[in-house]
Amino acid sequence: MDSCRIDIRVRYAEVDRMGVLHHSRYWVYFEMGRTELLRRRNVVYADLEREGVFFVVAKCAAKFLAPARYDEVLMLTTRVVRTGRARIDHAYELKRAGDGVLLATAETTLACVDGDGRVRALPPAVADAPENT
Amino acid sequence: MDSCRIDIRVRYAEVDRMGVLHHSRYWVYFEMGRTELLRRRNVVYADLEREGVFFVVAKCAAKFLAPARYDEVLMLTTRVVRTGRARIDHAYELKRAGDGVLLATAETTLACVDGDGRVRALPPAVADAPENT
Amino acid sequence: MDSCRIDIRVRYAEVDRMGVLHHSRYWVYFEMGRTELLRRRNVVYADLEREGVFFVVAKCAAKFLAPARYDEVLMLTTRVVRTGRARIDHAYELKRAGDGVLLATAETTLACVDGDGRVRALPPAVADAPENT
Amino acid sequence: MDSCRIDIRVRYAEVDRMGVLHHSRYWVYFEMGRTELLRRRNVVYADLEREGVFFVVAKCAAKFLAPARYDEVLMLTTRVVRTGRARIDHAYELKRAGDGVLLATAETTLACVDGDGRVRALPPAVADAPENT
């Protein structure tokens, strides 16, 4: 069970003319989820980049079930669903904190690359995560 | 054959620390593609909204094949792949203008809703598009 | 003394190619500061808008003294410096939480308008704030 | 007379709940103005960065006179107003293309720094601009 839950309040600048969170911003939240999931394992993504380890999004998909509105607090659950030699798949569930309504689900596949964009193996701290053992 | 090609230059504020277009921004480009595709049919999306017709993204998926970099000019091709009573599916191809390399492909499903977020039929100007006849 | 301090962690999608917070994003943070300052007075900005009270930025100025970096936690202090019949001036100080270094200072002037964009008097809940008495 | 005019269409993802361009996005447009002004002089900012020359915004100020709306085409005029050993001041005027109404004016001061963030002299291609002779 390797997952992480964070709360995020929707910012004014993130909603569109309909008053709802623009679909492009969900990916920013999902990225925050991944950062915090790593931090729970004592891995700081900023440090990984300093050591030449980068994660790039290779594939993503999402379903938007209900709108998120300005100033609402959302609960994002991020978990690793699969880890390969040089890739990690995450799944996301975004709920409204107030009533627990599910707003969106998503999945991403990250590729691990070096500073020149060449595929490289996951660093041990990431590859040896609990869900792989 | 109902598609539309637009050129987009990657802005400084759109690239991340790796110097490449952040994956969240592609969706902003794809939305621009949809707006221009409508305009080719003499439909202005801003007018639709004034008449109480809104499109919300219900589903999306993308593959990122190669990075887009700051100041590069990209060619985005947007086309309608399917139209239902209250939904439209689009497909997108994003290439680098300089050498034609394919950078990303994506698909979205839009739902047509009214001002209160209730599903409604596509307006005739959108439903009667060439690809549906 | 009517001010409010919030902590904000810099998101990956907010930094640019130089690895530092893009200057356009500071305004998003300052807006968050204003929202939280109102909340401390039990005013929810989303409610104000529902009642036809909108604040628009009429003027702004900032000095950027030192860069804010990805994943750093920042401390933002927001305070009201002046209130007129239909305007509020705020001042902002953004520091790095780790060492207290001052990163940026800024000021904004907000105009209070109705749903049609016409200037209107501040609502009592905002006008009668402690700093005006 | 060293200035440059570009047209920019307001994107859906750039307007807020009021349907108007969010004040944080103007800075993205002004940055585009600077990039194009350099390009007119055959200077590509991406190349400058590759050579270790970076411009950082040290100071900025803006007045927002009238709202810019989704899908409107705007005309941005960018000009250099002053050049120092290691700094450049720009002024901006943003008008609505349709009727020429002035929407915003702004000024920025950029500092020229090297890859480590240390102040350095402007490169000759930028310092020797017509307005300095």
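Labels A, B, C and D are assigned to the chains in the order they are written; within every chain, residues are numbered from 1.
Keep in mind that, in the parts below, contacts are C-beta pairs under 8 Å (C-beta built on N, C-alpha and C of every residue); 3 or more make two chains touch, one makes a residue touch a chain.
Fair warning: this is a prediction, and the values are worked out from it, not measured in the lab.
C-beta contact counts were set side by side for B-C and C-D; C-D has more. Among the remaining chains, the Cα-based centre furthest from that of subunit D is the centre of A.
Chain centres here are Cα averages; for subunit A and subunit C they lie 27 Å apart. Subunit C has its Cα centroid 33 Å from the Cα centroid of subunit B. Mean C-alpha positions place subunit C and subunit D at a centre distance of 23 Å. Of all residues in subunit A, those touching 2 or more other chains are 12-13, 17, 24, 27-28, 31, 70, listed in ascending order. By the touch rule above, subunit D contacts subunit C in their complex via residues 17-18, 20, 23-25, 27-28, 31, 49, 54, 56-64, 67, 117. Subunit A meets subunit D in the complex at residues 12-13, 15-17, 19, 22, 24, 70.
The part of subunit B that touches subunit D in the complex is made up of residues 11-13, 27-28, 31-32, 35, 44-46, 69-71.
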